[in-house]
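So the structure is just underneath, and the comments pick up after that.
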Amino acid sequence: MESKKRRGILERLNAGEVVVGDGGYVLQLERRGYVKAGHWTPEAAVEHPEAVRQLHREFLRAGANVIQTFTFYCSEDKLDISGNVTNITGAQINEAACDLAREVANEGDALVAGCVSKTPCYVKSHSEPEVKAIYKKQMDDFLRKDIDFFIVEFVDHVEEAVWAVEVLKTSGKPVGATLCISPHGDMRGVPPGECAVRLVKAGADIVGINCHLDPLTCVRTVKLMKAGLEKAGLKAHLMIQPLGFHTPECNLGGYTSLPEYPFALETRAMTRWDMHKYAREAYNAGIRYIGGCCGFEPYHIRAIAEEMATERGFLPPASEKHGLWGAALEMHTKPWVRARSRREYWENLLPASGRPKCPSMGTPGDDYEKQLESNIPT
Amino acid sequence: MESKKRRGILERLNAGEVVVGDGGYVLQLERRGYVKAGHWTPEAAVEHPEAVRQLHREFLRAGANVIQTFTFYCSEDKLDISGNVTNITGAQINEAACDLAREVANEGDALVAGCVSKTPCYVKSHSEPEVKAIYKKQMDDFLRKDIDFFIVEFVDHVEEAVWAVEVLKTSGKPVGATLCISPHGDMRGVPPGECAVRLVKAGADIVGINCHLDPLTCVRTVKLMKAGLEKAGLKAHLMIQPLGFHTPECNLGGYTSLPEYPFALETRAMTRWDMHKYAREAYNAGIRYIGGCCGFEPYHIRAIAEEMATERGFLPPASEKHGLWGAALEMHTKPWVRARSRREYWENLLPASGRPKCPSMGTPGDDYEKQLESNIPT
Amino acid sequence: MESKKRRGILERLNAGEVVVGDGGYVLQLERRGYVKAGHWTPEAAVEHPEAVRQLHREFLRAGANVIQTFTFYCSEDKLDISGNVTNITGAQINEAACDLAREVANEGDALVAGCVSKTPCYVKSHSEPEVKAIYKKQMDDFLRKDIDFFIVEFVDHVEEAVWAVEVLKTSGKPVGATLCISPHGDMRGVPPGECAVRLVKAGADIVGINCHLDPLTCVRTVKLMKAGLEKAGLKAHLMIQPLGFHTPECNLGGYTSLPEYPFALETRAMTRWDMHKYAREAYNAGIRYIGGCCGFEPYHIRAIAEEMATERGFLPPASEKHGLWGAALEMHTKPWVRARSRREYWENLLPASGRPKCPSMGTPGDDYEKQLESNIPT
Amino acid sequence: MESKKRRGILERLNAGEVVVGDGGYVLQLERRGYVKAGHWTPEAAVEHPEAVRQLHREFLRAGANVIQTFTFYCSEDKLDISGNVTNITGAQINEAACDLAREVANEGDALVAGCVSKTPCYVKSHSEPEVKAIYKKQMDDFLRKDIDFFIVEFVDHVEEAVWAVEVLKTSGKPVGATLCISPHGDMRGVPPGECAVRLVKAGADIVGINCHLDPLTCVRTVKLMKAGLEKAGLKAHLMIQPLGFHTPECNLGGYTSLPEYPFALETRAMTRWDMHKYAREAYNAGIRYIGGCCGFEPYHIRAIAEEMATERGFLPPASEKHGLWGAALEMHTKPWVRARSRREYWENLLPASGRPKCPSMGTPGDDYEKQLESNIPT
C-alpha cells in the first residue's frame, strides 16, 4: 500500500491551515470490547483489525486530517510487563497498525502519524541508551511501513520526550511531541514553557499537550508553552489533544488520580457543545493542530470540525448526519424537543447528572498529588 | 444466507435460560456519525453497512444472544415524514438490515429478531386497517429474509402494540412486545398490568418494557405487568430493554422530556457497575430476556453477561479483555489505581460529575408531563 | 399579669382571618446557646428568661399572632429521662414559660398558646390513664397562668394526640392539634384523613401538621386531612407549622432520619423566598393558621407575614427593616447587587451550596424508614 | 459604667493566649428583624438595644473574649447615604453601642473593641484629610465612652486602612486592623504581605483579615501577611474574623459577588464542625485572635472556643448546653441518632443540600471580578 501524493503535515501548518486530529482509541476500544483496561495495550490491531479500522473510519468521517497508528504502549518492554499478549510481537502490532491507519487515511485526505508513548524503561532505568534503543526499534517498525510523520505522546517527563524526539528526528520525518502535563509542569517540576523550549531544541516541529486533563486546562498549558518559546525566540507549531472529560479536581496528577478512573468516568464525559467551546479557545490561543485523546469519541471530533468549518472552508462527511447546533431537531415529533434546535439552547444548558446522591467534585488520590507537588517549585 | 440450526427464542426461554439482548443502535450510531438525531431513521443499513455490522459484532462479542435488525422507525410513513432519505426505500433498508443481522448472528450463537416500532400513522389516523397495513408491509420485508422472531418495540399506546402483535402473529413466528411506558401506564393511562394482559391475549409470547426510563424503573413496570398477568391467570415470558441513563425526574414522559435530550445526556450515562445491579434486579424479578436500549453500549451488555455468568454458565467473548469487577487493574502502574481492582470499590463509588455548576436533577418539559398526567387515573 | 381584652383564636379563624404562627424555639435556642441538642428540653425559660423573651419578641415583631409557651417536651417523665435539669421542676418551667409568653404577647396583638407535646410514657406504657395524667398535670400548670388556647404538637401516633385533646378540652379552652406525620400517615399507618377525623371527634377545634417534613410536603398532608374531614362531613380549622428545611428524602420518618440531623442541617435551610411560596400554597389549600417549627427563624415568619400582607391588610413591624422582595438593595453600593432588588431575581434563583464535594440528596436511616413502611398499607 | 480592672488585649496576646473574637452582627440582626439589608447600618443600638444586648450576651456566653461595638458603617457620611435613619445621629449610635458592649463585656472576662469600617468618602473623594476627619470624629465618640482598644475592619484598600490606623493610634489605645481582601491582594493589587507591612508601619498592633471570604481562604491570606512581615523584619499579632459561608467561587471579589448574596446564603452556611477545622488551621498558622464575621452565629463561636479548649484551659459557658462533638446525642430516643454522638461521624459527614435542582457552585458577578483582576498583577 502506498501513500497518495498529499500535502504533508508541515506544509499544511505552514500554510496556516487548521489540522483536525483524531480522538482517543484505547478507552473507546475498551468500551467496544477490544482493549483491556489497566493494560491499555493495542494488540487489537492484530487480533481484531475490523474494530480498529472501523474506529479509524469514524474519526476520518468526523473530520480528522490525521489518523494515528493504534500503537499506544507498543514498546516491547511495556508489552512484556502487561503480559497481555504472548503470541504477538510489538513489531507485528506496529506494522499491522500502520497498514490499518494507511488504509483508512487513503479513503480521505488524511495523513498517517506513527505514535510512540512513554516507556516503563525510563522510570526504571533512567538510562538514555536503553530508552533510546526502545524508541529506535519502534521507529524502525514504522519506517518499514508508510507513515507521514511521528508523534511522541503521553510522556510526563520532558527529558524522556526529548530523547524520543532525538531518535525520531533521525528518520528525516516531521516530529510532533505532546506531553501529558499540567500548567504546573512536568513530573519534576519543569515548567511548560521550558519543556517546550527543550523539545524544540531537540528537533520537534510541533509541540503541545495530550491527555490527562480537560480541554480548557490543556489550552492553558499550551499557552504557557507558547509563551516560553516566544521568550526564547524559538518557533514551532502548536498541537493539543486533551482529555474528553471534565476534571477540575486533578490539576496536578491528571485523571488517573480521580476516584472514577477508569470505570466510572461516564458522568464526566464532555458534550459536543463543550467541544465547540474548546476548539474555539484552542484556535484563539494560536493552536492549529486540534484533536483529542481519551474520552474523545467520533462525535466530539465532528464538533471540532464543525466549529472550525468557516476556518477550514468545509464540513466533515459525518455532518451529513448532524444538523449544526441541533438543527435536525426541527422535525422532531415533540414540540419541546423542536424548541431545542438552536445554538442558544445548547450553549446555555447546564446538564443535570440524574444522580442526586453523587457530588459534583471528587477527591483525587492524595499521595500522588502530594508527591508531585513536592517536585513543583512554587 | 441461511440460519444455522439453532434453538429458538421460546425454546431457550421455556428452558429457563437467561437470554441477553443487545444494546441501543440509534444513539450509538448517531455518535459514530451514521444516524441523524431527530430523524433517528436506519438508512445506514444501506449507506454504511460496515458501521452497522461492526456494532452488531460488538454486541455479539459482549454476550448478546439476539441481534435485532437495525430497522427502527423503518415504516414507509415514518421515512416519508423524516425526509431523511429519498433514494432508498423502506423495503431496501429492512432487507439490508436483515442480512447484516443474520451475518453477525451466525458468527455466534445468536438469533435474529425483526423489529418494528410505533408508526406516525397511529396517532394521525387512529385507523386500525391503515396501521395494520403498515406493519404487514414491514413484516413481509422481513419474511423475504431469514429472521427468527419478531419484536414490537417503542410503542406507547398499548392499542397500537396490540395491532402490531396481531399482524405479526400471522407469520407463525414468536412475537415479543415491549412498550415504552412508565409504572403509571400507557399514554391513555392503561396500567402496565392491563397492558400486559391485552398484549398476551393478542398473541404476544414475550412482553415487557423498552427505552424511555432508567433500568430500575423499567424493572418496576415489568413487575406490574407480571402481577397483572398472574391476576388474569395468563402466562408469558418477560423481557426488558431499558434506557442506559439515570432519569429520576421523568416518571411519566420519559427521557425525551428531559432538558438534556438528546445532545447532552453524557452525564446521565450509567456505568458498567450500574448494569450489574440492574441485571440482578431484573433476574430477581423473574425476567429472563435482559437487554438494553438507547444508551446501552457494548460494555453495558458485557456487564449484564458478566453478572449473569453463573446463571448462564459462561462469560462472553469480550470478557477476555475485561477483568471481572476491575480485576485487570491489579497490574496498573499507579498503586492507588491497583487498589481499585475489587468489587467493593466500584459498588460503593458515588461518581462525581466534575461539573460544579450543574445541578443533579433537571426539570422535564412541563406541558407534556401535564398532558400525560391528565390521562392517568390516580 | 393579665390578658388584655383581645379576640380569641376561634373568633379570628371564624372571621376568616389569616393567623400567623411563630417559629421554632428549640433549634434556634440551641444555636444561641440555651438548649441542649438531643435533650431539647426548655429549662431556659427558668435559667435564661431574657433569651426566651428575646426570641418571642422577634417572632412577634416578625408578624406572629400567637406566642407559644416555650414548654416543648416539658412533661415530668420527659424531663426525668433527659436528666438535663435536676433542680427545676416541670411546673416551674411551665409557669415561667407562660409568664414570658404572656409578657411578650401583650406587647402586641398576640395570643398565648399553651403547648404540650408527645410523652415518652405513651410508647413505654401505652396506658391511657398514665398518659392522660401527664397531660392533665401539664394543663393544670398552664391553667394557673393566663393562656388563651392549647396546642398539642409533635405527636406521631394519632391515638396519643386524641388522648391529649380529650384532656385539654376539659379546660373549656380551644384546642389545636398538630401531628408530625407524612402524607403516608401516622406511625401505625393511620392515613392523614382519618387522623383528622379522630382528632376533631375528640374535640379539636383546629387540626393540622407540624415539624418533621418540609413545608410543601406538610401542605400536602394537611390537604389530605381536609379531604378526610370533608368526606366525613366534619368541620375544623386547619393549621400548619412545618420544618424550615428542604427534606425531599425523608418522606416517612422525617428529618431525624437524615444524616445531617441535628448538627449539619445548615445547607438545607430554606430561604425567605421559599417561605413566600409556602405561605401562598398553604393559603390556597384553605389553611388559615400558618406558622413554622424547627428551622423557622424570625425572618422566615416575616416572609409569611409579607406574603399574607394583602390578605391581612398590614405588614409586620419587622418589615420596617426589610424591603419587600429585596427592594432595599436598590441603594447598595455594588451595581450588580442593586440589580437584585426585584421579585423575579429571588423567585428564580437556584442557590448554590458552595460545597462541591457534597451531594444534593442523602440517604435517610434505613432501618427506621423500613420499620415505618411496614406499618403503612400500600 | 466603667471597665473593671482586666488585662488588655496586648497583654493577653503577648502572653501567648488565644483570644476568641465574637461573631457577625449585621447579618444575624437582619434575620432577627433589626437591620436593613443593603443599608447594613447599626441604628438598632439606639432603637432596639435589647436585641443588640442579647446578641452580645450570646457571643460572650459562646466564649468571646472581645465584644465589638455594634458600630458597623457608623460614620456620618455612610449614615447620610443610606438614609435609613434621620432622627438619630452617628454619635448617638456610637455612644449607645459602647454602653451596650461594655454592659455585656462586664458580665464576663471580655474586652470592648471600638470598631470603624470603610467610608464612602474614601472612594468618592480619595482625600486623606476628609477621610481622616471622619475617622477622628468616630474615634472621639468612642473616647467619650469606655473602650479597651480599636479595630479597623472591612476595608478593601490598604491605603484607607493605613489612614484609619494613623488616626486611631493618636488615642494611645491598641489598634487592630483587618482588611477584607483575598490572597490576591487589595483592590489595587497590593499583595497581602505588603498590606501587612504598611499597616504595621502605620502603627497597627494586630493585623489580619475579616469578612468577604471563607475561613480557610482567609487563613491563607493571613499567612501571606505573616510571611510579608517576617520578610520585612516586622512583628505584629495576627487576627482573623472570616465569613461563615462556603464561598469557593469568589476568590477576588468576595461574597457580595455571589448570586446568593444577601438573601439566599443559607445553603452556604458553615456547620459547627467546619469551625473546628477552621480554628485549628488558624491556630496552626500562628494566629491568636480568632473570631468571625458575617455568618458567624453564637454556636459557631462556641465551636471555636471548644476547639481551643485545651489551649485556653476552659470551656465557654454555653458548652453546658452542648456535648462536645455531639456527645449529648447519646441519650436521643432514636438509635441511629445516638450513633452520631462521636467526632468521626461529624468530621466525615458530607452534608446534602436537599436541593437537587441547585448546583454546588455559582458564577460570581463577572464585571466586578474582571475589574479587580485588571488591578492585580499576575
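Just so it is clear, A, B, C and D label the chains in written order, and each chain counts residues from 1 on its own.
Just so it is clear, contacts are C-beta pairs under 8 Å (C-beta built on N, C-alpha and C of every residue); 3 or more make two chains touch, one makes a residue touch a chain.
Computed from a predicted structure; not experimentally measured.
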Any chain that touches chain B and chain A: C, D
Chain pair among C-D, B-C or A-C whose interface repeats that of A-B, sharing over half of the contact pairs by residue number: C-D
Chain A and chain D: spacing of chain centres that average the CA atoms, whole Å: 49
Centroid distance [mean C-alpha coordinates] between chain D and chain C, Å: 33
CA centroid of chain B to CA centroid of chain D, Å: 59
Residue numbers of chain B (touch at least two other chains): 350, 352, 356-362
Residue ranges of chain C in contact with chain A within the complex: 356-363
Complex interface listing, chain C residues touching chain D: 30-39, 50-51, 54, 57-58, 61-62, 81-83, 120, 214, 245-249, 256-273, 297-299, 302, 317-318, 321-323, 326, 328-337, 340-341, 346, 349-362, 365, 367-368
